[in-house]
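As written, the chain order gives the labels A, B, C and D, with residue 1 at the start of each chain.
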Amino acid sequence: MNVLLIIIFAITLIYLSMTERFPIYAGLIGFQGALLFVLSFIELHAITPVTLIFVALETLVFKVIIVPFLLFRIISKTGEARVHDKAMPGFYSLLFVTLGLLLSIVVSFSMNTSPANMIYFIVAFFAVYTGLFMIISHKKIFSHLVGFLVIENAVLLLSLAIGSEMPMLINIGILLDIFVSVLILGIFVMRLKQSAHELTMLKDD
Amino acid sequence: MGFLLAIVTALFFPGIILRVKSIASGRKGPGIMQPWKNILVLIRKESVFSTTTSYISRIAPAVYLSTVICALLLLPFPGMPSWLGFDGDFVLFAYLLALGKFLFILGALDTGSSFEGMGANREALYSMLAEPAFFILFGTLALLTGQTSMDQIFGSFQFSGHNSFIIGFIAVYLLVQIAMIENSRMPVDDPKTHLELTMIHEVMILDHSGFDLALIHVGTALKFAMYGLLIANFLIPVDAGQVLMNNEYLTINIGSGIKNYIGKEWMAVIQIGIYFFVQIIFAAMIGVLESFRARKKLVRNPQFIVTLSSIAVVAFILVLLITFKMIG
Amino acid sequence: MESTILLIPFILSFFILVMPTGMRYFYTLGVAVFLILVTSVPATEALLHPANAPRSFIAGGSLGSITFTVDSLTAFFILITNFTVLTGLLYSNGYLSSYRTTKTPAQFALHYFSYVWLHISMLCVLMLREGTAFLIAWELMAVSSFMLILFEAEKRTTLKTAVNYLIQMHVGLVLLIIGFLLVEAATGQFGFDGLQSYFAGYANAPLFFLFFAGFAVKAGFIPFHTWLPEAHPAAPSHVSGVMSGVMIKMGIFGVVRVLTFVQYDAYIVGIIIMILATLTGLYGIMMSIVQTDLKKLLAYSTIENVGIIGMGIGLGTIGIGSDNPALTILGFGGGLFHVLNHSLFKSLLFYCAGSVYKATHTRNIDLLGGLIHKMPRTASLFLFGSMAICALPPLNGFISEILIYYGLFAGMQVNSVFQTMSMLLTIMSLALIGGLALFGFSKAFGLAFLGLPRSEIHVDDNAVSHGMLFPKLLIASIILFTGLAPMFLLAPLLGMIGSQFHLDSGQVILPLIHVLSKISLTGVILILVVFAILILRRKVLKPEKVSHGPTWGCGYTAGNARQQYTATSFSANFAELANPVIAKQIEYTDIHEEEILPGGRTFEVKHEDVFNRTLNKITGYSMLVLKKIARLQTGNIQHYIMYAFIFILIIFVLLYLNVL
Amino acid sequence: MNESGYILVGFFVISFLAGIVVGLVHNKPLARILTVAYVVIHIAFSAYGWLHLGETVLDYFTFDPLGVLLLSILSVLTITTVYHGFIYVKDEEPRVYAIYHAVLIALVAAMSGAYLANGMTTVWIFVEATTLAVAALIYHDRTPMALEATWKYVFVCSVGIALAYLGILFLGFTVHDARLLHLSFDNITEIAGMANPLYLKIAFVFVLVGYSTKMGLFPMHTVTVDAHTVSPPPISAFISTTLMNVGFLAIFRIYALFSATSILTFMNHVLILSGILSLLVSAGYMLKAKHNKRMLAYSSLENMGIVAIALGVGGIGYYAAILHIVLHSFTKAGLFYQMGQSYKVMGTYKLDESGNYMARYPAGATALLLGFLCITAIPPSGMFISELYLMKAMVGSGNYLLLAITALLLCFVLYALLTRVLHIVYSRPREKPLHELHKVNPWQSTSQYILFGMVIFICFAQPEPFRQLIESIIQALPK
């Protein structure tokens, strides 16, 4: 079951890297949140109910509801629904992401972890890779935000893998959401419009 | 001893040169003592100083002369060591002359005339270029004889073996040439030239007059005698009998020929005789050279002077081969 | 107790910064004199009894203590340093008086503070044996002199020079550090004491040349000399005097100090030093001749003299290598004696140049001339110094050079073709250097002081105060004394060398005494003869017989001062000969035929230091490369993330390939 | 919960309250009084830390030597920073004034927590806190440029911190044991031995890269440089000293953890690589820096590179690293304060517009020169000692190539800094009209002199307790 969910998670990542439409980004982020929510129920059977409830609620409320909502809000405010100028066309980014998938598989196998964790490792690595890659390949700060969200999801995913042993790691990992909120706040402050390559006043090359 | 002899020589040295030149050019020419008469005249004459000049040009001739005198004091005469001689005295010898030249040049520059500047510049350049030749020559001799003071060098320099003839010849040749340069005669400079632009020595003394000029002339005469003495030191055997005994080649040596008949006590006399002979030959040779040889182009002079160094190096290599027993 | 006295001036020096303007100079003088007294006393006795074991003063308190060690070698240098620093300080008051209007008191305070600290650091360099302390003192010396150079920092060239200077000093420091560290890695001792055991156990030449390079930067051996001809002119003249007189000698001191420990392959070391020194001397004097800036000329002649000193040291080292005590003593004796002499006449010359600059506000010989009429005393002193530096008898320069000659001739009498050849070549070069020096200084003096002014320079008559004259006279008298009675100073020096290299200097000194006495005798005779002739001249040349007129222009009557020989033209024919070595550049724009009425033209001849040019090329190129590397700060946030991304990827790849 | 536990909690509670009060009550005098009081408390707190050296508190915190050392450095720099902060925000309206100080208090508290944290996760939490706090301070000027800098800082830092957390998670995988819930240091040392080295390597890489944002090390040094450009000088002083110490501490701790394991050489290589790259980049940038504060920022990058190399070389290099961190904190802080004053005097940070500082403000100019000597490790700077030790370590371990490269790059850095500092101090650019120039009271430079004085003091004498302290910090590391 959980393997299936994780596979779906991976597929959403690939989809993210291909698509150029903001609403889909928002939707997929929410969907990933939902996946993680379910996953946490399956994985964290061992831990104390209180923690479980906390984690689950946090995932549900923040990742599934608030963040996507804010993202849609931003989109509607900016009125731009798609990526106009990507650093590289979708085809190449797809190639890179696939490469990343292969890489993460190689790394995970070379780490000869327990079979149970293997899939987690692969997908987590893959997610980090994709997140970073999104940030690198996109110029809109909105996409950067999405990239960061992906990385954060990867962290959560990985922490779920050992959550049953030490749920504390999950709880702490959730602190990353503070950054998310700060970043979203930042986007609102920046009147939403700017894209990253307008933010190049500070440089000396 | 050498000092006195040199003084004596200096008295008629310039005269001989003049005389030879005039004879060579088919004139009767002045008497031998004519140059000294001129000098005496100069001493009595009053002198004019340029308003540009300072005390430098006043003292320059005096220093020039006195350095020559001191340098003379360093020179030995065969058989009898010089009064002031010591190990490495030829360094002092060279540097004393350098001192004289230094002030001489400054004296010329003191007048602020561009001609004299020119002359001073050339003088400085040529003497600078001539230094190494002198030092290589004496280095060579020092290596050959294992001595570093002049009287010992000359004392132990024997005409033994044909190599030493070559060396002796080269040494004498070099000394003659260096003497020419130092006294700015042919072929680097021509005292009789008429265009200031091409003069070296003569242009430097343009503004010296009267007593100072006399001093300079005396100095020049002494300098000639000094180099003559230096050369003579080569050719005069310290002890002709010694020479005869330990070498069979030496048949042309005048000293040895006479040695068979007369006793040692005449040695000194013979040596002095040879000395004057050499001096006269030297002077005459200069005269002949100057009358039959043209001055080099000024641009050629450095090249010519450096050639002396290379010749000296040849002598050195020869000595190397001898000292390290690579040849006879 | 004695030890703590050493530290008192260190503390006292800080009050220079807060002294009121009136008091400052005299307070500084007081501190310096105190320092001089405190150090000279032990130095003198150490020098007089070289056989004694080196004396150590342990100063400091609970926080840690420093050990100052005074042995005979140190003592010799201490005395030289003290003297020159004192004269410089005496001279500075008059020299800096003209800056009172333009400089703030803060700058004066900083200047004198740095001056005292230059003195302190030099003494520390001499007296400290422990590595860290020595290195700190070494760099303090560089920093304080750097601050001194910056006194006229409003000039752009001064800034560039200062930067250049500090960087090169730093490079030298790094070399020294590495040298000491290697010693420590091998022996566990950080400092000079470790060298003993290191040289006993390991290859000597490589480490020695590491140290040599480090010290050579300070001493100004080619190719490490490039800072020197820039820094000396940039600094105020008393500072130039001290820098050229004693500071660069610290490099020599370091070399000698290291040499005292060398045990194997001293022979080849000596040969290499000798070759390097010969080249240094020749290059220095050749560049010196073609300079038109008076102080730059002197700076290059400093390089030449370092070369001569180096010849002596190389000769001595060869002596060590071939177990020839005579060579060792003569070589080091000549070299170190020349250190003393050079510190004397070079400081004298720099002070004179400073007086000229103060009076005329220019150092360009092409503009000067006829100064001997306006400032006769300075002129005479400059002439005196030039004669000394040209090694003309009867002055001191000649003594040190004849020692070296003497050693070279002695070194020729050996059973090795190679050595004989090299000796002869060195003799030849030394002779050539002598001739060139004569050329250069006849130009320097003859054109700057004689003739007529070559431009409308206004000579400030009362620029040179008695306060500025006194130190020069002091130096001059010592030069004369050293020239006429060298044995007084030479005997302890040779004894010192003997004790440093564990030789019996006796059998060398005895013949030397004979030689030197003869030389002195000649000198005396020379002087007497000169005076005799002059007196005679006065007798003969009655005033009524003397008349004055213009210089004989060889028939050309309209001659003027502009037509005199200039420094450039004086060295022109030499420059032609030596062109390959001294890169000659002519800056002149040709007249095109479309110019019907050609405008004004300037014609400038410049000689660039070849080494400097190459150095600049290299550094400039590497800086270009570095700037090319620095393209990361694009201001584009994606790139920032990308660096991390790529970094991680690379690490992973290397990990996978088991490289890391 | 023992006495020191109360003290610790008390400290954080006080910080929290002080922050809240100052932030909510917009009243300048009150803010000033409270801040000063807080500084005093902080000093007292670090004094307490000295008294209870090596004590573990509530097993989330510990007064271990390194932590306490950095904590006391923080207290010292807090005094000066607060002092210069008062001068800097003197004329702001009360709200800004209050917020500034509130956030400052929060920042100090967060950094103190990070120093004392006893566990990867704890450190991580506090690092996150520092990021948020400092972001607010960077944004203090409210200019578009400040906004941009803040955004970049926050964004890159969050990515970095996320990566660091990944590293921690891998660590967690090596510790399949609920016994060691929080990855406490004293626990991990024995566990690290039995862990799978590859995990540790990957964990180390992620943590290093993640915290390189804070330590200002390559590859994520970029945003701190931008932050320096816009943030108020006192804050810049904090960012490039105490905040960098936080990053250093985090990296040093994990390094210390793993140093017992087989991956030591791997870590050394990575550190050296990162350090050399930092040196290279900083050298290149300083050669073309046109902005005084950015120049100093790059010099921080350079010094952190030196520290990283020192760690990587090991041996006495550890000692050098710690010493260098300490001295760099004092020196760089002083230089940034000086830059603030130079801005007041010259009205610009642009290099080609600034100049003639010596004539305009001698005390400051002298301080600047002194600071220059200190930062470039030229005696009498204490950093000379640390770099000497570094070279010693290199020679000891036979890294001659590394030594050559480092020395060469340092020479270029020296050249760059020297030319620029001399330009600021001496050169004469087109003068601004006098009314634009503020006079600065020379006594304001006193703090710099004191800081540099401490650095210089270290050059001549290292007090025995100080030496022992550093020894005790590095004793766990392999010799």
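Heads up, the rule we're going with is that contacts are C-beta pairs under 8 Å (C-beta built on N, C-alpha and C of every residue); 3 or more make two chains touch, one makes a residue touch a chain.
Predicted, not measured: the structure shown is a model, and the values here were computed from it.
**Q** So if I look at the partners of subunit B and the partners of subunit C, which chains show up in both lists?
**A** none
**Q** Which one of the chains is farthest from subunit D, going by Cα centres?
**A** B
**Q** Which chain would you call central, comparing Cα centres to the global Cα centre?
**A** C
**Q** Quick one: report the Å distance separating subunit C from subunit D, using the average Cα coordinate of each chain.
**A** Taking the mean C-alpha position of each chain, the two centres sit 44 Å apart.
**Q** Roughly how far is subunit A from subunit C, centre to centre by C-alpha average, rounded to an integer in Å?
**A** Inter-chain centre distance comes to 69 Å.
**Q** Roughly how many whole angstrom separate the Cα centroids of subunit A and subunit B?
**A** 101
**Q** Once you find the CA centre of subunit B and the CA centre of subunit D, what distance in Å lies between them?
**A** Whole-Å distance between the two chain centres: 80.
**Q** Would you pick out the residues of subunit A that each touch at least 2 other chains?
**A** 107, 110, 132, 135, 141, 144, 199, 201-202, 204
**Q** Where in subunit B do residues touch two or more other chains at once?
**A** Correct list: empty.
**Q** List, in ascending order, every residue of subunit C touching at least 2 other chains.
**A** 630, 632-633, 635, 637, 639, 641, 644, 652
**Q** Chain pairs that touch, all of them, please.
**A** A-C, A-D, B-C, C-D
**Q** What residues of subunit C sit close enough to touch subunit B in their complex?
**A** 369-370, 372-373, 376, 379, 383, 387, 390-393, 398, 401-402, 405-406, 409-410, 412-413, 415, 417, 420-421, 423-424, 427-428, 430-432, 434-436, 438-439, 441-443, 445-447, 450-452, 511, 514-515, 518-519, 521-522, 525-526, 529-530, 532-534, 537, 540-541, 544-554, 559, 561, 563-565, 569-570, 573-574, 577
**Q** Within the complex, which stretch of subunit C touches subunit A?
**A** 630-639, 641-642, 644-645, 652, 656
**Q** Which stretch or stretches of subunit C touch subunit D in the complex?
**A** Touching subunit D: residues 63-64, 104, 106-107, 110, 132, 135-136, 139-140, 143, 150, 153-154, 156, 159, 162-163, 166-167, 170-171, 174, 177-178, 181-182, 184-185, 622-623, 626-630, 632-633, 635, 637, 639-641, 643-644, 646-648, 651-652, 655, 660 of subunit C.
**Q** Can you check the complex and tell me which residues of subunit D touch subunit A?
**A** 121, 124-125, 128, 132, 135, 144-145, 147-152, 154-155, 158-159, 161-163, 165-166, 168-169, 172-173, 175-178, 181-182, 196, 198-199, 202, 226, 229-230, 285, 288-291, 294
**Q** For the complex, give me every residue of subunit D touching subunit C.
**A** Residues 152, 155-156, 159-160, 163, 198, 201-202, 205-206, 209, 212, 218-220, 222-223, 225-226, 266, 269-270, 274, 280-281, 283-285, 287-288, 358-359, 362, 366, 373, 378-380, 384-385, 388, 391-392, 395-396, 403, 407, 411-412, 414-415, 418-419, 422-423, 425-428, 459-463.
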